[in-house]
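Labels for the chains are A, B, C and D, by order of writing; each one numbers its residues from 1.
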């Protein structure tokens, strides 16, 4: 199982039947492939849809039905469409149960930085700030360290924030870490063949070890 | 009844150099490509463009920015248009970014006669720079001001001759709020039908807001 | 021609082809019956409709299609429906060209009082404050004096206001009076068989007499 | 899929004494009469009711106020319900009036996660009492705060079993914004159809907002 699959499979276990979920592009989107049996979720796409389905086949593709990446997609039975102001009303108003996003950095206070690197890359925040501010539960799904092997989980984010104090769970290829209300990180689960020491070493903030520390329940 | 159906050339001729133009759409989804490209063809200059994004290769707004018609951009995402990124490096004031939900509310406020709205989005981030913060029941909000434009260019699937619009699927995006927020509104549509053919329950945008209807590709 | 008809006929001449108009209950509503030839207007009803048509016949009446008085009504071809937030977006956002309302009092500064009499009658403002604040042109249509014969056009309203400085034209059974930007009333037209002196006498504020003072152009 | 279809009795049993209940409708237009009358039948006490109006004779909200179930009212029009007028005389704080457009925006803000909105409506009138005034570009606005409730009772024509609603005609009124602004939302409908039968372009209110569907009269 590769890193992406480990993360996606573990994120999928966070979903409960009936949840409305917005998934960021990349690893978060993969999570929808690993839903536990009996769990049905409704995908919200911030460009204006609930009940988003799989990518459209070439012959049904239209620019009037696209996902948040602009790619032709489908809608499932029971879904519906709305404009951007309503879409972000749903997001900001707490009508999205969970959002899963990638991060450049996430910190011990649940702060998230995922939208810009000053002087280097300023793509714009898109819908990320609203999603992280408004969704009931914010889950970060990412590789534990960056390409240079440096920690992405820090005591304090150095990059410009996406939102403050909003992340409550971090799922990586190495571990599941929860963020305590009021701050502080707790190591909850370990990926297959990963030790607590390894996780501590690759994390840029102190980790409390959960008394119930366990392996990620992803192997089935 | 006044005629509202025009060619792209006629409808876009009324746009002036220096105008602030709002363009509906979300990347290639639900964009009014024909009338945006007509801005390029007519060589309109010094435009301000408000749009969700500045497109990716192949998008009309992408080409508009590359063609040099645009001096100033208001958007939430510019990551797939290197020319916009370059504008921002050369002159940081030329590109203004807002969170997507904030941008939608700012435009809606402009069209709905509100002065602005209070949003929690952006609190504690660089988005709050220069903005008034208001605390209500212990929670902080940013005051984000209304935004209006001279022109809105929007896309719909069907129009009747009175300008009533039906938009399909995810193409509603920014097209709906922008229809309220500009002095001159052009709708690009696939199909134009006589008045009375559309079910009043299904109309996405009231025809009284629309000044010009252009049949698109 | 009775008072109500005089007022309604004169108000109707204010409408231009293509206008979006919201008419208050009573005399204002009657104005739609006297549209000049070639003038087509779209009626906005603040409970959620453009293109309001005549009252519904009993057999087509439904509570899902009513006017702002709650009465079953019809919609004309080219009309459409929307919710209250959109309806008042149209009103507040300047998308209604003209609104015509009754008044308890109107004054030399274009202030209007039409929603409450303290200690006596507090029905609520309904949509009146938004209409008077947001419509591009506000026309007051009313009897020139109240039931006791006292002026309703005053130097300063005494009753609680509906909105400030928004009325630009007053049409009564005696006269048409315009409100100057920055304040001041101008007598523009006289009803049949009414003299300027009579109007001045029954008005509670100074009236400038227009150099173009003329009879109301309502007889046809 | 969770079952959302309940009897009026079951759906209304979850309302608690003292709850703040929003009721959609506009006089007799588009009101959820069956579930509002069930509040009377179940003798719910000390309710706060937010509604466009408190009805006229024959309306369910009118009867609810007369039955004495309501301690506090938030509305824009109470002129056809003498009992509401009497409440206001006896205790001015028991009835709070807002302009209709302001009330709609307050509820929308509550449901959309906004702290409030700036409106020009009410400036220079008694409506501005106790409210913050903010001047933008020389124009004054009132800061009107968001409004939420424990329960929303709304009416639609058709529901699917997932709670997606289609509202017809002028019945959208306050029903749409209220669906977003309460913790528990009951929709009274004429017709319930299986999931997949409704055209996603025609859905007025997303089913994910709806907790209980009740078949009305």
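Everything below uses one rule, namely that contacts are C-beta pairs under 8 Å (C-beta built on N, C-alpha and C of every residue); 3 or more make two chains touch, one makes a residue touch a chain.
The structure presented is a predicted model; accordingly, all values stated were derived computationally and were not measured.
Undergrad: For the chain pairs C-D and B-C, which is connected through the larger number of C-beta pairs in contact?
TA: Answer to which pair has more contacts is C-D.
Undergrad: Can you give the whole-Å distance between the Cα centres of chain B and chain C?
TA: The computed centroid separation for chain B versus chain C comes out at 34 Å.
Undergrad: Round to the nearest whole Å and give the separation of the Cα centres of chain A and chain B.
TA: Whole-Å distance between the two chain centres: 29.
Undergrad: How many angstrom between the C-alpha centroids of chain C and chain A?
TA: It comes to 55 Å between the two C-alpha centres.
Undergrad: So which bits of chain B are touching at least two other chains?
TA: As it turns out, chain B has residues touching two or more other chains at 105, 108, 113-114, 119-120, 168-169, 200-201.
Undergrad: By residue number and range, which residues of chain A touch two or more other chains?
TA: Where chain A meets two or more other chains at a single residue, that happens at 49, 75, 81-82, 85, 88-89, 91-92, 133-134.
Undergrad: Every touching chain pair, please?
TA: A-B, A-D, B-C, B-D, C-D
Undergrad: Inside the complex, what are the residues of chain B that reach chain C?
TA: Of all residues in chain B, those touching chain C are 1-2, 108, 110-114, 160, 162, 164, 180-181, 195-196, 198, 200-201, 203, 206-209.
Undergrad: Flag every residue of chain A that touches chain D in the complex, lowest number first.
TA: Residues 17-18, 20, 40, 42, 49-51, 75, 77-82, 85, 88-95, 133-134 of chain A touch chain D in their complex.
Undergrad: Over in the complex, which chain D residues touch chain C? Could you list them?
TA: Per the touch definition, chain D meets chain C at residues 26-31, 52-53, 56, 75-80, 85, 88, 97, 99-102, 104-105, 108, 119-127, 157, 167-177.
Undergrad: In their complex, what parts of chain A are in touch with chain B?
TA: On the chain A side, the touching residues are 45-49, 62-66, 68-70, 75, 81-85, 87-89, 91-92, 111, 121-130, 133-134, 160-165.
Undergrad: Per the contact definition, I'd like the list of chain D residues that touch chain B in the complex.
TA: Spelled out, the residues of chain D in touch with chain B are 105, 109, 113-120, 134, 136, 139, 141, 143, 145-146, 166, 168-169, 200-202.
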